[in-house]
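Mind looking over this structure? Questions follow.
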Amino acid sequence: MALTKEQIAQRIARELKNGYYVNLGIGIPTLVANYIPAGINVELQSENGLLGMGPFPFEGEEDADLINAGKQTVTTLPGSVFFDSAVSFGMIRAGRIDFTVLGAMEVSEKGDIANWKIPGKMVKGMGGAMDLVASAKNIIVAMQHTDPRGNSKLLSTCTLPLTGVGCVKKVVTDLGVFDIIEEGFCCIEYAQGVTIDEIKTKTAGRLTISADVKEMAI
Amino acid sequence: MAINKTVKDADEAIRDVFPGATLLFGGFGLCGIPENCIAALVKKGVNQLTCISNNAGIDDFGIGLMLKKKQIKKMISSYVGENAEFERQLLSGELEVELIPQGTLATRCLAAGYGIPAVYLPAGVGTEVAEGKETRNFNGKNYLMEYAFEADFAIVKAWKGDTCGNLIYKETARNFNPVMAMAGKITIAEVEQLVPAGELNPDHIHTPGIYIKRIFQGSNYEKRIEKITVRKRNS
Amino acid sequence: MAINKTVKDADEAIRDVFPGATLLFGGFGLCGIPENCIAALVKKGVNQLTCISNNAGIDDFGIGLMLKKKQIKKMISSYVGENAEFERQLLSGELEVELIPQGTLATRCLAAGYGIPAVYLPAGVGTEVAEGKETRNFNGKNYLMEYAFEADFAIVKAWKGDTCGNLIYKETARNFNPVMAMAGKITIAEVEQLVPAGELNPDHIHTPGIYIKRIFQGSNYEKRIEKITVRKRNS
Amino acid sequence: MALTKEQIAQRIARELKNGYYVNLGIGIPTLVANYIPAGINVELQSENGLLGMGPFPFEGEEDADLINAGKQTVTTLPGSVFFDSAVSFGMIRAGRIDFTVLGAMEVSEKGDIANWKIPGKMVKGMGGAMDLVASAKNIIVAMQHTDPRGNSKLLSTCTLPLTGVGCVKKVVTDLGVFDIIEEGFCCIEYAQGVTIDEIKTKTAGRLTISADVKEMAI
């Protein structure tokens, strides 16, 4: 059984360490906030200018001046702080964010990522994604292993315009967990009920299977 | 003695925005946008504008209102995905668009505000954003040379301001406003509350009044929310 | 949940400052200097330090105390005119000194804090400060390429701080502290008042806690004034 | 009669216009604050991080956290604002200061200024002077016309290490007021009791006398 989006998020949340500052992209990455392990203190950064992002407000308590980078209403927590957009990307660029989770349309075996533009279709813009991938030290991609038509999103070379080059360290998909190493994608975990053969079939980029590969524990 | 920057209203504040001008607009999505000045610009009808703003509003609010009136020749933004009229004008070739990374956008404002003509930034190295830009290696990592923005006007929104132009922003409505306020040749600030000089704590001010040419208290703020997300109370 | 950065005292905060380290020190003259950390560094006796600080203290206070104990190999400052021991060590060749313009000093901290490896600044063009530096023309004016500082530690002083490292400075004691706080690989903050996370207004915080590795409440602040200037009351 | 320091400051103060942001250097420039004409609103910037600098505090009200760039205790005024050193020099560099008054050891006929270093003697450092002269749009130098040994401080070329190149627009000395133009120093005013001959004798750099030259009114 391939993982649900929630399970992908849950698996990624297990990578969190105490004291991490974390930036979660839109989509599956956002869900990671729901699975922060007990006893692990992290602070969430929202690149529109908030550190220490809290949960959604209670009904009727929405504040138009308090949103996250996805433009959703949010709240603060004790210790929260606001700052301007230049400071926000300054802390990203200076490597102060310990852990960054992004969605992607394609990832290459060299760690390139494409997630901002499909030529010929509408272009919405890269937002903060290019800044994040150019600077974050620890980038994890959360995505489906294949696109809706069944094509692999783990490729030798990205076909879409790049967001960043050689920056992704780890990919968590509905099928497994993949480190990006010298030899390309290295499968270190597979989802329960998913076979190595299925992973091999659905991975277009260069793939190795770790000697220590194991079934994912969620 | 404090220098007085107050003007009556948005119409007076934007009186000299001319056709073809380059404008910086504060705000992130619809949060912290200068609603009164946008309305006044729509009313004035000045066109051929180059607008630098992280987003382009939505169809019926924010900068979207200026797009609808075809006042904008070029948008420089990082994300413009919330606007159907924008899409139509872009595809029909009526609107020119330059998409740049959000942090680069903020930092090019910062550079202008700090009198720094150019800086080196990593975002976009190896992508189409790098085309035509100088790439340079520092400590083994590649960076692009990015120029400070040169804008005729910056139009920002703050929560509180005083008569000499000092500004305090509220929560995430701060976003691009402070760096844009520093970056405009002429900066116009609209505020929800305008107070006499001396009423703001000098340690709490985010934007020193020296950057502000004109300030006024706006009215009828709608402060529309793009995505209301809430949780239920445990009862 | 908020990340706790508190340590017991200055001794614990500076425990890993090693011989030969590069340190950024906040403060302008004796205003806003990290008195407790300086005392702890003097006590620890760590030496061969490179200190980046706008000034070098006076003979018997501030960084002057470290000079007296010959802990400093090199000073990078903009103005060092208040210190006889400094002069003695410089003339005898014991102390290396690099003088740089004050705004360049501040901006090289800013660049480090913002992850910008290099910027172009105009100060010192055509002077001996420009020697060995790349000069480049933008819009008809010459600028020097200046690099971000790389410092092992930044040691700053704030008025109030909370347990997760958020800082608020008081009046002109702010000076270099915020930009240095952002620039150190390891930043240590001492504060006059340490409060629990949540007690500071998130809109009033000058330095977000993410930049702070360790924070403690200092004691026995002397806050010496270099030049007391007063006026008489009209009675 | 050559001008006193106070008179030099008084003459410079007459250059102030309503709405000016002003930076005053240490020495004679500081005195300008005492002669701001009635009806002229200006704000004083102190580059250690204060805009809207007020007078010295009353005795007993000194605040160690509130000093100016000369390290003197000062006060705030309504509308004052504090900021960090990077912002402070950012506003200087971006040309937001309308009027800058500096002392100098030497000024050249091309507008070069030397005021930070005497080789062989103790070097104190340039502080913020190099930043100011590199960026201020309107730099006036306030100084004695000659040094204590009678040597002219208005030179063809500075002999001391430069602080900035081609940046000084006007010099006010104890003898007169001099614009710096294409042809060098141009005397536009002379102090009461000072002769043009005395000015010629004491000016080593290229000097012209304005056709409209007049006695200074203080």
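Labels for the chains are A, B, C and D, by order of writing; each one numbers its residues from 1.
By definition in this document, a contact is a pair of C-beta atoms (placed from the backbone, for glycine too) under 8 Å apart; a residue touches a chain by one contact, two chains touch by 3 or more.
Nothing here was measured: the structure is a model prediction, and the numbers come from that model.
Asks: Can you list every chain in contact with both subunit B and subunit D?
Replies: Per touch definition, common to subunit B and subunit D: C.
Asks: Nearest whole angstrom, what separates the Cα centre of subunit A from the Cα centre of subunit D?
Replies: Averaging C-alpha atoms per chain gives centres 56 Å apart.
Asks: Could you put a whole-Å number on the gap between the CA centroids of subunit A and subunit B?
Replies: Roughly 28 Å separates the two chain centres.
Asks: In whole angstrom, what separates the CA-based centres of subunit A and subunit C?
Replies: That pair's centroid distance is 36 Å.
Asks: Counting only residues that touch at least two other chains, what does the list for subunit A look like?
Replies: Residues 76, 82-83, 86, 89-90, 92-93, 135 of subunit A each touch two or more of the other chains.
Asks: What residues in subunit B touch two or more of the other chains?
Replies: Where subunit B meets two or more other chains at a single residue, that happens at 107, 110, 114-116, 121-122, 169-171, 174, 202-203.
Asks: Drawing the touching chains as a network, do you get a line, a ring, a star, a complete graph or other?
Replies: Contact pattern: none of line, ring, star or complete.
Asks: Going by the touch rule stated at the top, which chains touch which?
Replies: The set of touching chain pairs is A-B, A-C, B-C, B-D, C-D.
Asks: For the complex, give me every residue of subunit B touching subunit A.
Replies: For subunit B paired with subunit A, touching residues are 28-32, 54, 77-81, 87, 90, 97, 99-107, 109-110, 121-129, 159, 169-179, 206, 223-233.
Asks: Can you list the residues on subunit A that touch subunit B in the complex?
Replies: Result: residues 46-50, 55-74, 76, 82-86, 88-90, 92-93, 112, 122-131, 134-135, 161-166 of subunit A touch subunit B.
Asks: Using the touch rule from the top, collect the residues of subunit C that touch subunit B in their complex.
Replies: 107, 110-111, 114-122, 138-139, 141, 143, 147, 168-171, 174, 202-204
Asks: Please name which positions on subunit C make contact with subunit A in the complex.
Replies: On the subunit C side, the touching residues are 1-4, 112-116, 162-164, 166, 182, 196-198, 200, 202-203, 205, 208-211.
Asks: Help me check something: in the complex, which residues belonging to subunit A touch subunit C?
Replies: Checking each residue of subunit A against subunit C gives 18-19, 21, 41-43, 45, 51-52, 76-83, 86-87, 89-96, 135.
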